[in-house]
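Sharing a structure below in structure tokens format, with a few things to ask.
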């Protein structure tokens, strides 16, 4: 850090806007293309045994093109082909009224709202605990091992109990799910923030010390700004975790609504296409949340003069 | 005065007493005291739990008392050990190691090529954000019922956090250090090996620590979606069905102990490796 | 109206059509009841929900209920709409299994756990087969939520319900003639399935008892309706499914099959069936599901009261 | 018992524990500094100048001995914000502009906004960085960063000023001007100043008292009282008196280097 | 067409874009340095000395003009490891000991272990850090870190040595000794050296050519060729010739400051 102040980005020319977008999109498309090819290949490979079995049961044998064709249109494929998932997604997202129970927008929204609530609770709790650990020796020494232990509790195992206990306390709806989401998301934030808040080096702390800054001032003006890179990486992990938590919480919540319920009910009836569609919406949500946080990060770091 | 009230008051009294003791102890120095403080904190929680269960007569099938959990633990050591080996040693550890290596290598690949960085990272974010509950059934379908599918779930789960941290870490060198490498005309691998990887270590360990616990969760949860008749997840879900809650909590206890030890080991290694980082020097 | 909460054993499907029909058709309302139906899930133990106060009545299978009772949770069967067991083991013909007594040895079998493994374990102990994976027994897989293990040939046989998973196997394109099935009923190890259970102390309150009687009466009315109009019942289930995942065809199949298991009467528990269940469970060999004959595990008081009016 | 001196170090020793054995950075250091003194510390690299200045500022705790500042224990004085400190490296916060960096201690000490702005403008002028208020640290040259860090320490007007090689990275001309400015400031305000430097002329030109230190373990080998008047034009550096004092310092330094 | 000079800067301009407008760090700078030259750069803080040195080392790309080193483009020369560079800040790697830090470029350039150890020992001796091989950077004083970073640049014996205020944080005596050592090295090896300093005597004592720069935009105002002999005892600093050259440099500097 001491030397960082001497560091300087070199004068490199910026790209024009259009070229910038092309540069962004092209690689993504390329990688996507490669993935699609692999996916189709895998779909053929994984779905072929079933197609062959079916043909054998019917006493026929399949030529290779027939086999490939057969692997693309199964109703419950081991691995649905991309276009099948795309169709499932399209039906779920655009083919329904968004208030319909078959609409993935509706389920996605239910999951998203609990995720955001849980993420907010979780990251605030994580930050608060990190601050406590930093400023209170008793907490420093006692909280961390127990926070670790808390994370090893298999959440799916106790989620039903949590839901039961909350229900018996009269708490239902979004909150129990959000709490499970918070449970999973506070930990990455805690670990990252403890590290980040301890990142300032001795000279920076000494400066504060020489001004006899109060702990609150040291926190707001030194520790917090220098923890930003850690905070944002942690937050990205934490939203993804919150989404997982919500979905886990949706399973035992009586599997009523939300992407988790959708996944599970897809599972019961072996509807792989439904599973994959829900999965993609979930991943899309997580991806979007991560991107949003990434954008906030860029903005913040740039405003702070830290971005390169 | 009602029983509930006196109960609440005695619970509160125990809590305040213990925290007072802890506050006092925390001001002493030495590793012995540090351990003591954590222990007292935990023991207090356990006592409160026991008191609450007894005073309010919570049914065993909702929340068993620590004493009941402890006797289930002691009484089932061979089963617990078998489950531990199945789930944690075979499932979680192998998956974690593979996942961590894969994430590190991917991070380096991503970092090496700006094309990949712009192409893979967004998609990687997306793929790795697939929730386990969604992938677990699929992976069980692909990799079979035994521990291999659990390891696969763990790989997917730990991949993203380590990747994100590692990518951030590889970018964490300052300009002066990179300029130096440039003046020595260090090759890509040399500056990776001698500058960027060491500088990334604090971030990498951040990811590794977070994922120790994720690995355990992943391995256990994956067993809910199909498993042989052993393993911690299997035992937990079966025991819940049998309302054998003390056994459930005994397994959770095993998970907690294993997770804490696992985390502790990673944190210990981190201390050795990143001794130079300001956060370790305080 | 009086509030009452019902905890189902599983997700919203035609297995529970009677309750949804009773709610939708206003049978509950007619009895001055406001019933909330909570779907279950893989990790919901309905009796646990009862104990936690999350529900007044739960749908549960008798083995799990009796086991819970022996664990010290005083739950009581108040009615038994399902008379026959729908559980069976479905095997691929190509696995070569013809006779359970001789052919299971060394095979991999898919079993549901979480309290649903009791009937299977009893059966195996009847057959004298070990379930710990040794060479002289069977290898047990904890079966997930669906029939994939059979389709993927990860198991020789899997557990199925006549009204649900068996249909899914057929739906997947396997012909009945490619399958071999063993119904627990036919094997003489049938145990009672979906019954209605409450906590014992609730019955001490006459008002509650009356409420339960009205509930059972309306529910049975619902079940009878299902028997007569399975397709309409299936539609009602679909309408109540919040996940939007169910297909009408499958629910119609399920409603039809479920109807075959029903006891069309008052829902009163048949003591002979109860005895047979208890005996099966007690005969579990070295590791029986329950170790002693339960007392007071069921009551006719509610069904009697329900019939009176 | 604390004395009436502004800084009173008694028998201060400080040993660092490192991976390969202890480093004795200070050994039995005794020094009193009176109000209004301008004390320079000079000595070979690594002899303990920074460590001693840090000890005065209560940024290090001596392993033996005591330091009193303004009659209080050093740490009390720190809490009372008795001094401004300029570190050897600029240590600017990369996420704040130059003005923001200077503003920071002022914010911490609760100055209001107009007051802060006035002070920032004044000290930036003083260190000749007028046009750079809005730049980030990495956009400045090394010497400019150093000046910004001096400005930051001057901004809040503490009675004691501790400066660790503040002018090391500056060219002679700017340095001369800043020397004159500091001297002026000192004369006008009567501040007490502790000043680490490597330049003998600078030490002689600025100080009322020159402390020569020697290394391993760091100790004070000579304390030279300056006989120069308070008013010091730059030309004073050519007077025989000045050269005589410089010679004394140089000898003291030589002694310190005699170990090798 | 590249010339035969070791360093040949032609019409170099460099403009930084910043959040509040462009900064013209260099403007039309022309300079040739021949093999074996010892060139000092001197000029007010912020005038572009560091930027120019960085441009020679291909760490910055000029916005106009060209720099040739050894007859190649500067970046080619960098890739051929033509020079050692001492940065204005020490920039030591915190996870390596002092010996490890010096070893780093040697490892990168593929020296074998015994060779590395021999070189490390030699350069540590040269910068008077004999006993500190096993210490970590944060356990060293500012001046010691600076010396370690000089040792690192010397260790791999490049033909061109670029040093950005290497002795800024050192006391006069160590500085004299290091000056003599660098001069000795230069005479023996015939290296070409570019050297940024703020000390006029140092510049005069060391150089064959003194480049005086002025700021905003940074340009070369004077190039003073030294008439001093290659062999230079420390006492040369008292000769009239020396004082005359120093006077020229001082004047050049004054001109540069004339803008204010």
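Letters are used for the chains, namely A, B, C, D and E, taken in the order the chains are written, and counting of residues starts over at 1 for each.
Rule of thumb we're sticking to: a residue touches a chain if its C-beta (ideal position, glycine included) is under 8 Å from a C-beta of that chain, and two chains touch if they have at least 3 such contacts.
This is a predicted model, so every value here is computed, not measured.
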Chain C and chain D share contacts with A
Chain-touch separation of chain A and chain B, in steps, is 1
Greatest contact count: chains A-B
Taking each chain's centre as the mean of its CA atoms, the one lying farthest from the centre of chain E is chain C
Rounded to the nearest Å, the gap between Cα centres of chain A and chain D is 52
In whole angstrom, the CA-centroid distance of chain B from chain D equals 49
For the pair chain B and chain C, the C-alpha centroid-to-centroid distance in angstrom is 37
Chain B touches at least 2 other chains through residues 62, 137, 141, 175-177, 224-225, 237, 240, 277, 281
Chain D touches at least 2 other chains through residues 89, 136, 138-139, 142
Residue ranges of chain A touching at least 2 other chains are 1-4, 6-10, 78, 156-157, 160-161, 164-165, 202, 251, 264, 267
The answer for chain A against chain B in the complex is residues 1, 3-4, 6-10, 23-24, 26-32, 35, 46, 78-79, 136-138, 140-146, 148-149, 151-158, 160-161, 164-165, 187-188, 191-192, 195, 198-202, 229-230, 233-234, 236-237, 240-241, 243-244, 247-248, 251, 259-260, 263-264, 267, 272, 275, 278-279, 282-284, 286-287, 290-291, 308
Given the complex, residues on chain E that touch chain D span 16, 18-20, 23, 42-46, 49-50, 88-89, 128, 134-136, 139-144, 146-147, 164-165, 168-175, 198-200, 250, 253-254, 257, 260
As the complex stands, chain D meets chain A at residues 54, 57-59, 78-81, 83-85, 87, 89-97, 104-105, 107-109, 136-139, 142, 145, 156
Residue set of chain A touching chain D in the complex reads 1-9, 203-204, 206-214, 217, 221-222, 225-226, 228, 304-306
The residues of chain B that touch chain A in their complex are 19, 22-23, 25-27, 33-34, 37-38, 40-42, 45, 62-63, 115-120, 122-123, 125-135, 137-138, 141-142, 160-161, 164-165, 168, 171-172, 174-177, 202-203, 206-207, 209-210, 212-214, 216-217, 220-221, 224-225, 232-233, 236-237, 240, 248, 251-252, 255-256, 258-260, 263-264, 277-279, 281-282
